[in-house]
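The same chain A turns up in both complexes below, where it pairs with chain B and then with chain C.
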Partner chain A sequence: MIGQGEEEDVKPDILLMITPQNIFRHEFVGLHVEVVASSHEGYKGLKGRVVDETKNTIKFEDVQGNEKIIPKKVAVFEFTLPNGVKVEVNGKVIAMRPENRIKKRYKKTW
Partner chain B sequence: MRRGRRPKWMINVAEERVNILFNRAQEELNLNRDRSNRYVQMALDISKKYNLKIDTTWNRRYCKNCHKFLQPGVNCQVRLKNSRVEIKCQECGKIRRIPYTREKKVKRRRKIEFHTIKKGHNE
Partner chain C sequence: MLHLNSPGNYGGEIILFFDFHVNDDLKLVDEVERLGYGGLALFSNSKENKHENASGSGTSSRVNSIKIYKGTLIHAKNPEIMRQKVKKSRKKAHVIMVHGGDQKINRAACEDPQVDILSVPYMKRRDCGINHVMAKKAAHNEVAIELNIGYLTKTKYYRHYKVLSHFREILKLKRKYNFPLIITSDAKSIYDLHTPQDLMALSRCFGMERGEAENALSETPLKIIERSNIRNKVVVEGVKLID
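And then the complex of A and B:
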């Protein structure tokens, strides 16, 4: 019982917090990401766990442990949410500083 | 919306993100120290932008001088001295002092009240 209580504090929160509607404004660090399309052929198909984010790039770590840095504006990303839902996001929409993404007003694209 | 004040839904999202980032910093501490410190920096950036207070669970877990993640027993030292909690950052040497004299006074007052009431009943 005690073990269950401790888990309830942390895990279900993270499952519920990020939804396909607010993924634009929410945190990418820790999510699984895959590059679906890109103007540069070499980026296509790369995937891994997001470890860092800046205004113009996204950095993730693949299975071998290599860090890959990819510019946001040229690619389309597919994020896997903690509850298993997959969401495609165009890189042009999220090309701004991580703390500024919360306050931006987006046109509805979903 | 007052000047400088953000709407409620923005503050909610920001609080969730700060919480996630500190959890990640805790996970990465032993694997990649630089990454863990970077997450603390990102969380502080968000809290500055949306006028948030850092939650009590994470408030004492980062250095206010060098913005690094602290783990007692690994890179910080926690002592009780002169009615104060002293948290020393082993990375930069800064000591943060948090007094707890108010708690001590409340405790003492409660003790005195308890005894006086008891005496009154007996008489």
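And then the complex of A and C:
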């Protein structure tokens, strides 16, 4: 178990590690997320802290403590990075297993 | 100075019209302003000046009520050179236009999302230069196809009729595949310029409806500029930074 002091030591590294340039390759668990657009109206506006991720879904916990499971492909997510920067990610880009996301080659096309 | 038209007012909604292919000249900027446009993109021919991106250099510093955007017109012999030139000048210009005509260049331009406008794909051709494959690609990559009124008005007899039929063919593909279409004047002197209303009326000659013509003169240029503005914030396709 990580003690309180150790956690504080780790935090600055995390701040440096997750950037908008690597967010789609990085671990989402622990980040704050909000659904900003979706083909299903009911998903819009849902927000919380990511607790789990599968190939096709993201599970997050909202303020009331309820767990919500959102399919990735139909939604656009807004992630807040540990340093406060907000990044909008289309669910189609991250619709694969987290361990496979680092393998995929992403190209800036425009 | 006599202003012919204010920006179009249709049912309480103000529409700003743009001319996205104008030669880099101070007289033309004043004339475009007088004709009631909301903005323009200035191009200088890289072939003539041998400077890749000299456009807008003199005029962008002037104070005008209309918006002036910097454009680069790219002439390339083959698709590889085209891609290199596009990559090189992408950050320097708001609007990148590729001079078409050659089938390979037309296709490469449609497949490149960094290109904003494919200019005159029908130049010196027997067909319109666009087929269903390119139309799909252009729609996916949001590459606007140019209907060059300057080219239409400068041709005569057989070529004139051919250009009109090319425009009709492009319009037919647009209705099916829904790629962006843009009407430009390609003005090199003030006498090449027309009011937006004239262009809309002229576009009826090749079967364009009023709404389509309005979109080609107003909505497509606005989308190009919007895309140009958010380009720096996009990390990869589908990932972008929020302020």
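A few notes on this one:
Operating definition for what follows: the second predicted complex is superposed on the first by the 100 of 110 C-alpha atoms of A that agree within 3 Å, B and C clash if a C-alpha of one lies under 4 Å from a C-alpha of the other, contacts with A are read in each partner's own complex, and residues count from 1 in each chain.
One rule holds for everything that comes next: a residue touches a chain if its C-beta (ideal position, glycine included) is under 8 Å from a C-beta of that chain, and two chains touch if they have at least 3 such contacts.
Quick caveat, the model's predicted, so the values are computed rather than measured.
On the superposed chain A, the positions of chain B and chain C stay apart, so the two partners fit side by side. In the superposed model, A:Val93 makes contact with chain C only, not with chain B.
In the superposition on chain A, contact is made by A:Val85 with chain C only, not with chain B.
In the superposition on chain A, A:Pro20 makes contact with chain C only, not with chain B. Angle at chain A (Cα centre) between the Cα centres of chain B and chain C in the superposed arrangement: 140°, in steps of 10. Put simply, chain B and chain C get as close as 17 Å, counting only Cα atoms, in the superposed view. Contact residues of chain A toward chain C in the complex are 20-21, 23-24, 78, 85-90, 92-93, 106-110.
Residue ranges of chain A in contact with chain B, taken from their complex: 10, 13-14, 17, 22, 25-27, 29-30, 51-53, 98-100, 102-103. Against chain A, in their complex, chain B makes its touches with residues 6, 10, 13-14, 16-17, 19-21, 23-24, 35, 38-39, 42, 45-46, 49-50. Residue ranges on chain C touching chain A, taken from their complex, read 113-114, 141, 227, 231, 234-242.
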